[in-house]
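Presented sequentially are two complexes of chain A, the first with chain B as partner and the second with chain C.
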Partner chain A sequence: MAQANAPGTISAPSCPADGAVKLTMLLTVAVLLLMMAFGLTMRMAQGALIQIDPTIFYRLMTAHGIGMVGIAGMSGSAIMWYFLSRHVSLAGWVFWIHLGLFVVGVVAILGSIFIGGYAGAWTFLFPLPAISGGVWDVGAAATYLIGVILVGVGFLVYLVEVGRAVIERYGNFANALGWPLLFSGKQDDVPPPTVIAAAAIVVFNGISTVVGAAVLIISLINLYLPSFTLDALLAKNMIYFFGHVFINASIYMAVIAVYEIVPEYTQQQWKVSRSFVASWNAVVFLVMAVYTHHLFQDGVMPAWALVMGQIISYASGIPLLVITTFSLLTYLYRSGIRWDLASALLVTGIFGWSIGAVPAIIDGMISVNNIMHNTQWVPGHFHLYLLLGQVALTLGFSAWLTRTGVHASLSGWNARGFTIYLLGGMGFAIVFLVSGASSIPRRWATHLPEWHLQDQVGSLFALAAILGVGIIVLPITKRLVLSMRG
Partner chain B sequence: MTERLAFYAAVLILVTVSSSPVRLLLEQSLVSHLLIQMPALVLCGWTIARRHRDAINRGRESFNVGGATGLSFALIVFSFWMLPRSVDGSVQNPLYEFAKFVTLPFAGASLALSWPKLPPLAIGILKCNLVSMMLVLSWIYTTSPSRLCNSYLRDEQDMLGQIVAVLAIGLGCLFGGSLFCGTTTIVRRKSATPIGSGGRE
Partner chain C sequence: MHQTVLFTSLVLMMAVAAIFLFSLSRSGAGDGSKKAPKLGALRFVLFIGALVLGAAVSIGSLRPWPRAVAAGADVVSVKVTGSQWSWEIDRKTIPVGKPVTFNIATTDVSHGFAVYDAGDQLLVQSQAMPGYINRVSYTFRTAGKYRIFCMEYCGVAHHDMTDEILVVAQ
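Here is the complex of A and B:
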């Protein structure tokens, strides 16, 4: 059902569960700021600018990790849902269930961390949830796992509905992934980029969610029946397979915003070429096969799996990232684009995604990983990837969703906020990378005095990033609230 | 014709697996008990009910709207027979044994009557859940520090767990593969709205 537009916003085609999508973006903005505040607190504590108990530090670290992964996934799913509904018929109530399960799951997770004291990191690596050394009890760990399971069930429902709708329209996944075009060079009903991306995401994220559900239930049983143990290496493989695919899917879902919104600015439709189809099909395999690059420190892993992780780390960034980035630059070149906040953020998102992959590829080499894995190099990589990639895409989508009728160029507070966010985000991630190159460890609550300078500079950039995002999201939040009331 | 043949084959199999020699033979091993006899009972119930689906449904549509009642019944029965205590009981207690031979075919029948009525979303979630929980079940059987069923040996339990893991992966590939070729049951729904027309709230 189309919704009336609030004063000051322009008429955008409605999507099924339009209200839920807007509510998700509102929730995203709030959670992002909260998680950034948690991050700043941790950096300030490491830099001895404030004093917090290490127990609190690890609770914040756990909340920051799961909060960012969760909200990145949720906002990505909202973006994909919004644009996919332009091409296939989705049932709106499914997204409400997805959002409802997410909220209930988040409440359980926050309760387990800040009331129950769970601080075993978002990765819940077996057997850590069960062995807390008295820091948290079994109930807290179980509540955390149940919270993650609820979020996972919501995603499964969402993915099944997306898959159903895509198959309903295109007959099967082979058509939706453009296989006829890929293998024979022609297809009668070529799916748009959004459908190809959605089909690919359903395949790999669906598999990862099923694997994640299994390891979560197993961990839950182990909490109450410790004699039922799981091979720790197998558990780590399952968890990292799930975690790696899930967080990457959150970026892939958000990239759809670029395929759908940028053509509005450049007046050129995003074309589906064979190379585009090939790149998305390659990603289906590569994103699942590359997860072993998280396990280079596990010397008991089969050698072939680690070698595969290294080789695919080189390859996984190339197809989709290069094709998308190159296409974007081609579309932008001489397009006469008029920059506004939304377009600037979307292009920044692709920039952050692209450069964020570089430290990952470097760390994806076994010889480098042996030195860098437990340093701040790794948070440097994923903060580039997320803070300047996924978050920028999400903010860009939100800015576009709540755009006003009058074309607003990138000026005034928008431009200031964007610049502060960009500089703050870049600086923050670069300080992490420099610290990593200096062998400063990650995940340590207390730092040596020799490391404090980097931590303090990092805190300054973190503050700038929060300020920038705050300036950007203030008018967006206002327009989202108005739009929902309308 | 095929459905008729399947019906008679199902009746024949039901009688065969219920007869003492075959029943005892299958119940000698945990693997054949859980992976041959029990699925055979469900499959027979499914096949027999499918043959008479229209006659059974006639006048009773309101009893099984959307397949919810039948699915709930089937899931409760399956959950009961998944418990090691129930499996033990069925080889030690004639009452349990009788209940197994009655409830499992009925569960299969109710699933056959409900499956076509289930929304595609429910079918997709059921399939995903089946694969995921089979993996969990496999882990439980292989890692349990003691025998779960008193009537069976530990090594049979291990073997069952390993076979269930292989079946879970096989089923996952089958379900996933079917989405890539031809049209699946998910497609049997009203057509999509035209491109660009938005959706429905």
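Here is the complex of A and C:
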């Protein structure tokens, strides 16, 4: 079993597939910047600052969506792998397979979009991949679906290995999820926070990935055998169940970096209390049951499912705000924490996630969703907890992974980059929220003239966010490359 | 309502930010060895408070049922069919003040039927789902032109899938 690295030194190979984890973070930086550039291009096109053909816009939109979701999942899985290896014995070759399938899948997806012309959005909402209006052919759609399936298979292999290792160490999932502590108040071998989180993530992300694979395969068969069809409402339920759980899992996996790294700064281990265990066990249920809030505008859905979506949307915020956020802030209180790039980014990650939950929960009310669904309110809230949440956690982990003392301190260019990223990201997301309240639709290639000003302001903030991330990742990238060579 | 939603969200976000700032402003006051304050009781109060608030908001916002479909003899029924990339609406002139139920279908992929007023505010929307008819009701209070937009991405001319209806005084 690997041990934690000593603080203040660049990480030694401390986990199985340490090189693959670092390679994943390098890949994350590259994909993140590319996808951010795609996002900026789309905002500028909406604001009439540049002219691009709608076919190109929707290709960029598809690539941006699947690219961001994919790299969020991949970076989250690397973080969880890295820290879980401190507590259980993982087989390194599994992560290499996971990464290999991801890369092959990404190549297929990019080929389908930029060579084949596929532009069916990352959500591949059935039956859009098969009915393109003559814009892309079956081969392009099939290549896209196969690419996503390959990525999904990689995740399944990864999750099976995580589950196997957890069972090997703790005997079963009940122990790994802390059930003895939860139900009887005591447990001889209390799992650390990382293990409890990993066990929970294996359960809900494993189920969601299987459901996603099923709807992908059915959609793939339907391309070549149209009589082999699927009920569109069932397909939408499956897709949003998969998509919602998968993207949330990317955040939950990245949060493990907070459990493992912040204690190095505060000199206090993250405590496993009954409320912590209850919170993670509740998340297993809540994150899977909440997806119906994506279907509020489908009146043919059973009313109970929509009511459940609203109530659980609200309830999902409680473990986040009352447990994770509250705990972090109490640990930080009078801790004497040393602020450097890593600690600042990790705290920012929880901050972005927390404030992003507010407009998400509000949009999770049916009466609000009736006027906000598929407006720019939606990218407004998810950019808060992705751009300022998951991405901040990932960058924080990368900064910690490559820390070398003075280089990681929050001063000079690090501080400038962090500030520009934070302000750019906040402004970018808030402009989306304002645009949502102005009823501006999301996913439109061209905008009405009266919407242009908001798009242009949003573009400015997007540029700042990219600049900030660029400044932050430049030295991180250099040190990642050096540490992989050395 | 749109601006109320925005204002409420921003205020609550600022409240969360203020809590972060308060905590972070005191993060350096200790010697680094002080244990986290015991705030289990406060956490419990927050938990119970969140549950009570959630129950109140849920009951208040779900009654009346926000997806209720109007029924009765005076309801104006409008059939809407989406296809890549246009709308077919069987009745484009609608009386003001009467409940209207839109019966929304699609011939191909999913679409999103949304009605916008002259001030570009989204008033009511529903998905068009292959194989199903979704129903949504609305009562127009002001005469004039209303724009129809597609709110669900449906292919490369999605943004051009627009139309108009006219609401007239009786």
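Just so we're on the same page, the second predicted complex is superposed on the first by the 468 of 486 C-alpha atoms of A that agree within 3 Å, B and C clash if a C-alpha of one lies under 4 Å from a C-alpha of the other, contacts with A are read in each partner's own complex, and residues count from 1 in each chain.
Basically, contacts are C-beta pairs under 8 Å (C-beta built on N, C-alpha and C of every residue); 3 or more make two chains touch, one makes a residue touch a chain.
Worth saying up front: this structure is predicted, and the values here are computed from it rather than measured.
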| item | value |
| --- | --- |
| Simultaneous placement of chain C and chain B on chain A, clash or fit | fit |
| Partner chain(s) touched by A:Val88 [first = chain B, second = chain C, both, neither] | first |
| Chain B versus chain C as contact partner of A:Gln268, first or second or both or neither | second |
| Which of chain B and chain C A:Leu453 touches, first, second, both or neither | neither |
| Partner chain in contact with A:Ala30 - chain B first, chain C second, else both or neither | neither |
| Angle at the Cα centre of chain A, taken between the Cα centres of chain B and chain C once the superposition is applied, in steps of 10 degrees | 100 |
| More chain A residues in contact [chain B versus chain C] | C |
| Superposed arrangement (fit on chain A Cα atoms) - minimum chain B/chain C Cα distance in Å | 14 |
| Chain C to chain A touching residues, read off their complex | 1-3, 5-6, 8-10, 12-13, 16-17, 19-20, 23-24, 26-37, 39-40, 43, 46-47, 50-51, 54, 57-58, 61-62, 65-67, 69, 84-85, 108-110, 112, 114, 116, 120-127, 129-136, 149, 151-159 |
| Residues of chain B defined as touching chain A within the complex | 120-121, 124-125, 128-129, 131-133, 135-136, 139-140, 143-145, 172, 176, 179-184, 186-187, 189, 191-193, 195-196, 198-201 |
| In the complex with chain C, residue positions of chain A that touch it | 54-55, 58, 61, 119-121, 125, 127-128, 131-133, 135, 231-233, 236, 266-268, 275, 295-300, 303, 306-307, 310-311, 314-315, 317-318, 321-323, 325-326, 329-337, 347, 351, 354-355, 358-359, 362, 365-368, 370-375, 430, 433-434, 436-439, 441, 443-446, 448, 450 |
| Complex contacts: residues of chain A adjacent to chain B | 1-2, 13-18, 85-92, 94, 156-157, 160-161, 163-165, 167-169, 171-174, 203, 206-207, 209-211, 213-214, 217-218, 221, 227-230 |
